[in-house]
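Paired with subunit B in one complex and with subunit C in the other, subunit A is shared by the two complexes that follow.
Our next item is the complex of A and B:
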């Protein structure tokens, strides 16, 4: 029975990672840049929510939507100032910009919020699940629920609305989209905002496990195995990659760490990543290119 | 003239000069053909007209592009398409491969989304019945001819007054090209869309065109009615592969009247 407990808690955590992966994949598809500032986006999103909920004492749902909106605005400003001027240039330059952005934002967060940790307890209704002898903590269930719903909503938006069609078109080729009158610049801003909102949800869910500090940004690195295992340009891959990384962590935590390898849990996803890339360089679900023969 | 290009000079990356003073005009309802070998600057000319030149790191350093008397040189593509209803169909079949055929058409309608989108969709399907059959298929899996028809269908979804077509016959079988050009001719005649057709396939293009220009290394070297161009000795030799049988060397044969077209 213990193995079921491990599997399900792995999947619950994996859902959060999947959402984080989605945030990266969306930007990668649209701007062709890897957003290395994902951890900082996560912390800033969580802090914005923190201010609205704990400092201004707004109701949970208002604070949540407000926090997401502010994160979106913040990402829109970042995109407009740093990425937009490079439109049509080499995407590598944008990737490097996000690296610089990561250091810059980390310093800003430290400057504004300090290096101490903020206790982050949301007091959401208790959703602790007990099935047989399995038990899932309320925080874990909430995190997974929030992430899962967000993931679903974003998918609906991308695949069922005309804005989603325009986003997918722009992601394929900015030049073609522009030629047909799609405002590629606006679409990129929308994509970055959407991505930041997803990352902020993940940030709130993760902070809810305990506390929030500028070091929470380290979770951002976990997004790297998620998107590379799943495939950089595949939305389905982000989901699969997230769940796989979650499972990997849970199994290592339950079976390998007790053998004396404390902390191995944090390394295991990268070893898994290495193995996957050896076999499938584009990740498990990297877009199968349409080849004309 | 509905659209006029006046003494246009364009450079890429600040150093590579591609157009050295091109002037031409397109009348309302006209089907204009622009011929030219590779590297003549045809595509650059199209990009300059539709406002995409800065996306490719190019710059208009002299001259003007005027549409209906107003300069559109400094406008973004989106504005030109929306306000002036000029749509550019890029070369090499600009469709979104990972969207379905119908999604492609809807994506192209995004800029002008209104109540008539469904009606226009039906109209596109009427001009290109093959697209209706393929509507749920990913565009990347369609054949070259179908992709080019889709590209023109997408352009129609933007409701253009002027359509710039960049080498639609690229890589298509002669019969497919013929069918495609017939439809382009119909669009021009029935809907009154002004068409600028950039082509290498001179025969097929001049058969439906009213008037034509020949470009060579960034200049317009020849201009005339389509029927006159078809008869022209040089055009026949270089584009139609006929003319005097005992060929001289290419260099020797280049004897266009290279008149500069300063205004």
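Our next item is the complex of A and C:
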């Protein structure tokens, strides 16, 4: 029974991580840049929702869509100001820009919202599952459902719409996409907005475990093993990576930490990441690149 | 005539030159509080301290009429910052003038042991309740210049265990579990607690470390459930932080019949704001009167120090004092104020004894028997063991209520015991 609890808890949390991973992978595929400001995007998205839902008292759906929309707009502005000027240059420059962006945004969040915690409880229908000794809290179930649905919708958007085709074409080759008349600059804005919306959903789901603070951004670091284990350029890899990292944390928390290795849960995904990279340097589902030097 | 005049001017000049430094000798103190950083934005510490010091220097009588030059630093909950600030002030100010310092974190006490107790020999008051530093193993014999403003964590935990023993109604031994923080003070007091539990016939069924970086507490709560814990002592955490809210909210769902308990820094108003209803029924021990109800006007003003703090805040910072203003927890404001008041008391006693020096202040503190302006409702404490050995047990009563168009937590932590002097208690 206990092992089932651990497995399902891991999968539920892993779904949220998968969504975070998806946010990173989309940007990487479109621009080959790794967005290190993922944690800050997560906090900003959650705070935007917080203002609409808790302060302005908008209905949940309106606040959720509004929060995601504002997160998307915010990401579009960030992309326009920091990433677009670097288009055509080495993607490393963009990655480095996101590092600076993370520090800048963290300071802005502290300036605007302070450093204290905000209680965060969504009054959603209780989906707590209690089967024998097993218990899955409503917040976990909702987080997983929200993340899973968002993941599915994004997949539909990418694989069943014209915009999705354009995004995938741009991800394959910006130059070729532009030759076919696709506005690659606009596509990049859309990708950043979509990514920010996904990350915001993850932020809202995680904050609903108890509270929201600028330190919630630390969750962003979980995205690193997720995408590197799954493969930087694989959407399916983000899903697999998220679930693997979720399971890894749950197993370590349940079986290894009680042996005295306290805090190992936070380190374990990175050890797993190293092991995966030793065997498959491009991640489990990443494209193997052969480059001539 | 002219020559004599010049001689007179020269003599006066020399006399002035000699007397000036003595006349301008200042009384300098440094205080450091965690006003920002991982525990949150807590400017209240500084507000209470500044208001207290300004009052002391104007209406409060100063140090027998002399003003205190006070310095205030935000140590950002970072021991390195606290140590660096102290070193800076030591380098910049003479020993004759810089007479006292205060800090707020166990993590900084350890690296400063040599500097404070051997090199500088400066009386240092601290918000740390470290058993290692202030308990039997440490104390005045080992760290003669360190003073704590509360009872040690070991004593706080023992008071909680004693309460469990006396209030346990179910058959069988009470099953107790500890959830501790992975910090310098996370396990502090635990060995004393475990020994006391054994002595009192309490069964300790789990000891769990819960990290600051936690985003969910399901594993920890499931482990506590599996261990069949009846009382969970959550120790070594700030009540204002995100992970505390996550733990309490999760525990309320998974550990339905378990009594959640905690030490000083998890007791108070901030956890009500952050944990909301999940904090209802919490029993905690604290070394200050945590009287700051939500809404604030319901706060009982029976404690003279609480009354003084609220009056000060209302008078000097009316906008910040209002509900929703910058003073979110009056305990923090009162804490800043109490630091200012004990500094004044120690300096005044030293000055009266004609020893306004670091050694004189230390002597004044060592011999101090004081009611702390009514902080413990008339009870006096003595500082011979370098701790203020007073604690009280509180219980949280929290309810969600509609205020305007918002659902907000209301309630307070209310005392369920008298003030207990841990040096006099029959364990």
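The working rule: the second predicted complex is superposed on the first by the 285 of 293 C-alpha atoms of A that agree within 3 Å, B and C clash if a C-alpha of one lies under 4 Å from a C-alpha of the other, contacts with A are read in each partner's own complex, and residues count from 1 in each chain.
Heads up, the rule we're going with is that a residue touches a chain if its C-beta (ideal position, glycine included) is under 8 Å from a C-beta of that chain, and two chains touch if they have at least 3 such contacts.
Since we're looking at a predicted model, the values are computed, not measured.
By the document's definition of touching, of the two partners only subunit B reaches A:183; subunit C does not.
Contacts of A:162 after superposition on the shared chain: subunit B is touched, whereas subunit C is not. In the overlay built on the shared chain, the residue A:128 is in contact with subunit C alone; subunit B does not reach it. Once the two complexes are overlaid on the shared chain, A:87 sits against subunit B while remaining clear of subunit C. Residue contacts after overlaying the shared chain place A:19 against neither subunit B nor subunit C.
Subunit A is touched at more residues by one of its partners, and among subunit B and subunit C that partner is C. Contact with subunit C, but none with subunit B, is seen for A:263 once the two complexes are overlaid on the shared chain.
Within the superposed three-chain model, A:175 lies in touch with subunit B and out of touch with subunit C [touch as defined at top].
In the superposed pair of complexes, A:218 makes contact with subunit C only, with no contact to subunit B. Residue ranges on subunit A touching subunit C, taken from their complex, read 2, 5, 9, 13, 54, 57, 110, 114-119, 121, 128, 133, 135, 137, 140, 206, 209-213, 215-216, 218-219, 250, 253-254, 257-258, 262-263, 265-266. Looking at the complex, you find that subunit B touches subunit A at residues 50, 52, 55-57, 77-78, 81-82, 87-90, 94-99, 103-104, 106-108, 110-113, 138, 140-141, 154-155, 157-158. Residues of subunit A that touch subunit B in their complex: 87-89, 162-163, 165-166, 168-169, 172-183, 287, 290, 292. Partner subunit A is touched in their complex by these residues of subunit C: 36-42, 182, 209, 211, 213, 215-219, 222-223, 226, 240-243, 245-250, 253-254, 270, 273-276, 328, 405-406, 409.
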